[in-house]
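Each of the next two complexes has chain A plus one more chain, namely chain B in the first and chain C in the second.
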Partner chain A sequence: MGPYNSSVSAGSSSGSSSSCSGKPADPIDGLLAGAGYRVRSSELRQVAQRLARLENVMVNAPTEVSHLANDAVHYNPSDLASWVDSLLSELHQPEIAPDPSTFSDLNYIAHTQAGPVLVNPMVSHRELSAGTEIEEDSGIRLVHVLMTCAESVHRGELSLAASLIEELQGLLTSVDGERGIGKVAGYFIDALSRRVFAPPSPPSLAVSAFENTVLYHHFYEACPYLKFAHFTANQAILEAFDGHDCVHVIDFNLMHGLQWPALIQALALRPGGPPLLRLTGIGPPSPDGHDSLREIGLRLAELARSVNVRFAFRGVAASRLDDVKPWMLQVNPKEVIAVNSIMQLHKLLGSDPSRGSPIDPVLEWIRNLNPKIVMVVEQEANHNQPEFLDRFTEALHYYSTMFDSLEAYSAPLEKSLAEIHIQREICNVVCCEGLARVERHEPLDKWRDRLGGAGFTSLHLGSNAFKQASMLLTLFSAEGYCVEENEGCLTLGWHSRPLIAASAWQAMPVLQHPLPLINHRQNVI
Partner chain B sequence: MVNLLQNGDLCMEEAKEETPMFCINDNEDVLVEILRRLDGRSLGSAACVCKMWCGIARNDALWEHLCFRHVSPPPSGVRPVVVALGGYRRLYMVCVRPVLSRLGRMRVGLGGGESDLVRRVWTRQEVELSLSLFCVDYYERLLGGGGKLGDAPASSLMFLCKTVNV
Partner chain C sequence: MAGSNEVNANEAKKVVPLNTWILISNFKLSYNMLRRPDGTFNRDLAEFLERKVPANTIPVDGVYSFDVVDRATNLLNRIYRQAVDNEAQWGIEELEKPLSTTEIVPVIIFFHGGSFTHSSANSAIYDTFCRRLAGICKAVVVSVNYRRSPEHRYPCAYDDGCAALKFVHSRSWLRSGKDSKVHVYLAGDSSGGNIAHHVAVRAAESGVEVLGNILLHPMFGGQERRESENRLDGKYFVTVQDRDWYWRAYLPEGEDRDHPACNIFGPRSLSLVGLNFPKTLAVVAGLDLSQDWQLAYVQGLENAGHEVKLLFLKQATIGFYFLPNNEHFHSLMEEIKSFVHSDC
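What follows is the complex of A and B.
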C-alpha cells in the first residue's frame, strides 16, 4: 500500500504544482496519476509506444508468457515507463523504430485506463489534455473528418460530403487499416461513399441467402454473441418446457440450425425423458429448387434420432417475417409453444413511431398463439433514430466496440468473413432508407415498452442462464467480455458496453371482460 | 536365499525354484485397473506403448470413468447420448479437457496442470455445458461432412483449443 500511496501523492502534488504555473522540471501526468501510475507528460508518447509494442510481443510470444503473471516480481509498477522497459527487455525484444501506424492505438492507451475505447470527438477538452501531444494524430483526425462528413450528408450537402470522402480516403493511408480505428473507419467511409456516390436504389449488396448463411456461421464462430444468444435462449426454453410432453419451437431464422442441437441434447437428458419435439424453422426461400430448410431439418432429425428424441421438422420459406401467416405454422392446441427470435424483430420496425409498423400484426399473431415463452435477442443499440447523424454516431460507437472485441480472434480468414457480416449491417444502417433499411436496432428499454404494450409480460431469465453464460465466456480466450443482468434480462458486452440483450416473454392472459356477462344478465332480466 | 552353514557363516545360494516373472500384459484386468487411475495425458501416452495397450487404452469405458469420476452424483442416462454423439474418448478430447482446464484455471488461479484436472470436482453445470458443446460438435461435423461424420473438431469449438491470450 505504501508505494502506491506515495506515488499517488507525489503525482498529484507535482500535477497540481504544474497547473499552478510552477516550474516543475518534468510534470507527472495528472490523469494517469489518478489511477496510480507515475508517467511524465513528456514521456507519454514513448510510454504509449512501448506499451503497444509490449502488447504485440505478449500476444505473439512464441512461448508462454504467463510466468510474467506468476513468477515475475515487479518493482514499483506505478513507475510505468521503467516497468514497461523491464518487461520488454525480459522478453528480449530488440529496439524497433517507433511505428507511426500504431499511433492510432496509442490514443486508446493514453486516454483510458480501461482498455480500448473509441475516443468520442465531442469529448471534453479536459479528457483530451492527457494526450495533447498525440492530438494531431491521424486517428483522431480521421474520426473528426468522418463526423464532419456525416454531418454534411445529414444536411444534404452532398458535394461537400464527396470532397470530404476523398480526404478521408487519403487519411486512411496514414493509419493502420488492419486494426483499431483504421479498420472501423474504413468500413464507415465505404458506407458513406456508397450513400453519396451510388445510385438511390439499394446498393448491389443483393445478397444470396447462401452467402448470408456462410457469413452468419463465421460470425457465430468468431465471437461469442450468437453462442450467448443460443445458449441463453435454450436454457429459458428448457425451463419453460419442464413437465410438458408435447412441445413446439418456432424459430424465426433457422440458418444452419446451430441453436437446436444443444436443446435436443438437453431435452434428451432431462429427468423424466424427452418430449415430442416439433421444430418449425422459418427462413428465406432458396433459389434454384434447392430446399435448404429441408436439408437442415434432415440433419437435425438425424441428430435427434441418434439421441432418441422424437422429432418433427417443418420449414416455412418466407423472405420477410411479416409474410408468415399463423396458419403456416400448423400449431396444435395441445402443445406448448416457444417462439425464438434471434435478431429478427428489429427488421419489422418502421421509422415513424406514430404510424403503425409491420411489427404490430406480427406481435399480435404471436400473442394469439399463446406461447409459453417468447425469446427475444436483439442488438443493444439505438440505430432506428429518425435523424441520420444520430444514427451514424451511435453506429460508429457500437461497431467500433464490436470490432474491438473481434480483435482477439486469431484465425484470419474466418475473422474477415465475420467482419463482412458486420460490414453489411453497417452498410444497411448508413446507406439505406425506407423499406430497404432493415437493421433498425433498438435498445432493451424500447423493446420492453413495445412488448409490454403488445400484451407480453417479462419472464426473468434466472441464475442458471447467468451462470451458463459466464462459463461460456470464460471458455473464450479474450478477456473483456462481460455478462450483466438487467432487470431479469441478460446482456453481453465488451468492456461494460452491452452489445446484445436477451429477454424472455410470456403472453399475458387475455382479460375476461365482465361487461358481456352483465349484458347477458340484463338481457335475461 | 540365505543359508546358514555349519560353521556359522552365512552364504548366498542360487534359488532352486524359479519365481515366475510377472508380466503385466498377461494380466489385463490389473492393467485396466491401473489405467483407470491415470489422467488423460498419461492414458494417451499409454495408448502409444504397443498394440495391446492401444486397444485397451482406447476402451471407451476407461474414458467414461475419466470424464465423470469426479462428478458427484454421477450423471445417469448420459451414456447412450454420449455414445451416439461420438463416445467418451472424443468427449474428453474435444470438450471435457479444454473446459476443465479453462474453468479450472480461472477458479484456482493459474497453473492448472493435468494433474490438477484429476483431482478437480465438476459442477453439474459444467457437465451440462460440456455435453451441449459436444452435441454442437457432432452436429457441425454432420453439416460439414454432408451427412457423413468427419473426425476433426468442429470449427466453432476451435476456440476451446486456442491458448489463452495474455
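What follows is the complex of A and C.
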C-alpha cells in the first residue's frame, strides 16, 4: 500500500463546532475532525491501540458490555482518546505501555489542521409554510422585501426603509398572520418600524418587572427551553453538591424562583440527607416599596421547611448584574458555591471586542468566589455581530425556528403571551444599540473561549444528563425538539437547529496559569 | 476467541489508513454497546454518542447547506448546493428560482446508511460526505432523515423515502434544464442503498421519474449463508451476527431474511421484469462480507433486463468513502459524477 494522496483540501470541517486543540504545533487530524472527532495526529497510534484493547476486552467479557451501555456515564464523545480511556477504566483495565510492534506498517497522509477551525454560524432555514401556491408566493415576496428593508436600514437609507415598511405592511395582509412566515415577519416588520420611525432614544417596550415575570412564566410553560435550562442546571448542581453539607446557590435572575423547588426536593431526597442550603436570588428592585424578592424567598423557605431542608434566603436587588458587588452575596468560606446564570451573561457583553466589556470584572469576581460549579445557559445564536444586517439575518432565522417550535402549543392566550416575551427580545436585537441593546447572544464556542480565557475550566455534562433531558422532552407533544451533545455541553433545539446551550464550569485554581483549553485526560504517554 | 479477534483487527489495519481504522472501529465498538441481545436498542446513548453538525449557509469548500422540514411528514431534509460567488447573498435562501433554466443540475436524493438503525442526516460523517458529493459531482444533494428501526420498522423507511421523492419533485426551486423539471437520482450507502432500491421500485410502479440509482454497498441479505459472509465474517469491521441483529430490528417481527425487503431476487420477491426501472450504479466493496448478496442483486437486475453498472472495489472495506484518503473514494466520486451527468 503506497501513500494515498487526496486532492480534496485538507481539514474541511463542514460546520464542526470544534475549535483547535492546543497549539498549531500539535494539530488534530483534519479528516477525523470533519467526522466530529478530535484526535491529535501525534496520538493516532495510541488511540488505535486503545481501541483495539477495548475491543479485546469487550469480546472477552460480553456482560461488561451491557454495564458500559447501561450504567457507565459517558462524557464528551468528541474527545475519542478520553472516551476510550474512560471505558477502559470502567472495565478496570490498567494502562499498557504503547507497543510499536502491534501496528503493521501503514502509510497514510495525516490531514492536519493548521490554525483554528472557523466556527461557521449556524443558520438553518425554514421553508415557507406550505399554504396555497398564492400564499407561498406572497411569503417569498415578504421575505424578499423584509431583507431589502433590513439592508436599507443597514446602509442608513431610512426613507427608503420607511417606504419598504409600508409595502411590507401591505404584503402582510395577503399571508396568514397567525402562523409560519406571516407571524414571524409580522414581528420583524414591527421591530424594523420601531427602529425607523421611533425617536433616537431607545424605543421603550418598557414594562414593569411584574409584566416581565408574567411573560417569562408563559414562555416557561409554552415551550421546553427554560425547563431544559433549569432541569440541566439542577442536575449538574446536585452532582456538584454531592458530599457537601453547606451549600450556597447564587441565582443571577431569580424571577419567580421556578427553578428551585425541584432542587430543594432533590436535595431533601438525597442519600445521607440534605445539606444546609442557602439561596441568594438576584433580581431588579421592586417599585413602590414592595419586596418581591423577599416574597419569593419566603415561599421557597416554606417549601424547604415542608421537606425538612434547612434553608436560608437572601435577596439582592440590582438593575444590572454589574451593579452587584461580591460582598453583597455574603459568601461563607466553608460553603460550596454554585453560580446559576440562565440567559444573563450575554447582557454584560459589549459590541466592541477590542474594548473591555462589563462582563470581565463580573467573571473575575465569580472566579474569585471559587465556585464549585458555574452553570451557564445561553441562547445559541450570534446576535452580537457588529453589522446590523448580519444580526438581522441571524435573528430572522433563529426566531423563525423558535416560533416554529411554538406552533404546536395549544393554549392560544398563553401562547400569545409567550410570543410577546420573544417579541421583546427581537425588538431589542433589531431596534436597540449601545447600552440599550442587552440581548447580545453569542454562540457556545464564543462562550467557551471567553470563559476559558477568564480562568474557568469546562465540566462535562454526561450521558445521564442527556438522557434525562431527552426524557423531559418526551413530555412535550411537539415532536421536533432535540437534545444534542456538543463537546461536554448540551443543546436543545428544534429540528436540528440548536436554540439554547447549557454548559457547566469550574474555576481553575487561582495559582495556575490559565490555558485556553484544558485536556482532562488522566493517562500519561 | 481473543487470538482470532486480534488477528482480525490486524487484517483490517493493513488495508485502511489509520484514521479510517480509528473511525470505523470506534463505530463498531460503540454500536456493539448499543445493540441489546433482546433486540432493543439504546437510543438515548446512541443519540448522545452521535456526532452531529448543524447546516451551514456559509459555504465550506464551495457548498452550503440548509435544512427544510417537509410539513406533510415532519421529515427533515438537508439540502446541499453550490455556493454563489456573491458573498452578500450568503445566508439567505429564497427557494424560488429554479437551479438553472439552461443547464441540467442533477438532484441526488441521498439516504444515509447505518443499517436502518444508526445515524441521521445531520450526522457529521454524512454531512461531510454529502458536502463532498455535492461539490465534486456538481449536483444538489438532498439528505433524508428517515425514521429508523427498531422504533420504526419496515416499511417506514421506504414510506419516508417515497415522501422525500415526492417532496423533491414538487419543489420548483429544484428544477433545472430547458425542460424545467427536477432531474432526480436516488442514492444511498448500506441501508440507504436498500431504501433507494425500494423507493425506485415504487416510483417505477407509480410512474414517478427517477433517472438513476446509485447504490453504495447496499444492505441486502437472505436466509442462506453465502460464501463471502463465511469467509469475511468479523474480518473487516462487520460480523454476520450484527447483520442479523439489524435485519431482525428492521423487518416485521417474526420475519426472516427472505422477506422481500431484504432478499431482492429471493423466493418471495416480485419480478422486476417489464418495470420502468432506472439505470443503476452498484458499488461493491471487495472486503464487505455482504458482497455475494450485492453481486446477486446486480445479476438479478441484468436478468430482468435493466441497465446496471458494477463498480467492484477489490480492496475496499465498508465505509471507505467516509474519508477521502484513499483511491477508492476518488474512483467512486468519478463514477458517480459521470453517472449523473451522462444525459447532459
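Keep in mind that, in the parts below, the second predicted complex is superposed on the first by the 375 of 525 C-alpha atoms of A that agree within 3 Å, B and C clash if a C-alpha of one lies under 4 Å from a C-alpha of the other, contacts with A are read in each partner's own complex, and residues count from 1 in each chain.
Criterion: a contact is a pair of C-beta atoms (placed from the backbone, for glycine too) under 8 Å apart; a residue touches a chain by one contact, two chains touch by 3 or more.
Because the structure is a prediction, the values reported are computed rather than measured.
Set side by side, chain B and chain C differ in how many residues of chain A they touch, and the one touching more is C.
When both complexes are overlaid on chain A, the residue A:Leu475 reaches chain B alone and has no touch with chain C.
In the superposed pair of complexes, A:Ile264 makes contact with chain B only, with no contact to chain C. When both complexes are overlaid on chain A, the residue A:Val59 reaches chain B and chain C alike. By the touch criterion defined above, A:Thr173 reaches neither chain B nor chain C. Within the superposed three-chain model, A:Ser208 lies out of touch with both chain B and chain C [touch as defined at top].
Of the two partner chains placed around the shared chain by superposition, chain B and chain C are both touched by A:Lys467. Look at A:Ala408: by the touch rule set out above, it reaches chain B but stays clear of chain C.
When the two structures are aligned on the shared chain, A:Ser89 is found in touch with neither chain B nor chain C.
Of the residues of chain A, those at positions 58-59, 65-66, 68-70, 467, 479 touch chain B in one of the two structures and chain C in the other.
The touching residues of chain A, counted against chain B in their complex, run 58-59, 61, 64-66, 68-70, 220-221, 227, 231, 234, 256-258, 261-262, 264-266, 268-269, 299-300, 302-303, 306-308, 408, 410-411, 414, 464, 467-468, 471-472, 474-479.
In the complex of the two chains, the chain C residues touching chain A come out as 2, 5-6, 9-10, 13-15, 17-19, 21-23, 25-26, 28-30, 32-34, 36, 42, 44-45, 47-49, 51-58, 60-61, 65-69, 71-72, 74, 76, 78, 91-96, 120-125, 127-128, 131-132, 145, 322-327, 329-330.
Chain A contributes residues 1, 4, 6-9, 12-17, 29, 31-32, 34-37, 39, 44-45, 47-48, 51-52, 54-56, 58-60, 65-66, 68-70, 74, 77-78, 80, 84, 103-104, 106, 108-111, 120-130, 140, 143-144, 147, 390, 393-394, 404, 463, 466-467, 470, 479-480, 482-485, 495-498 to its touches with chain C in the complex. Here chain B touches chain A in the complex through residues 75, 77-78, 80-81, 84-85, 98-99, 102-103, 106, 110-111, 125-126, 128-129, 131-136, 138-140, 142-143, 147, 155-156, 158-160, 162-166, going by the rule given at the top.
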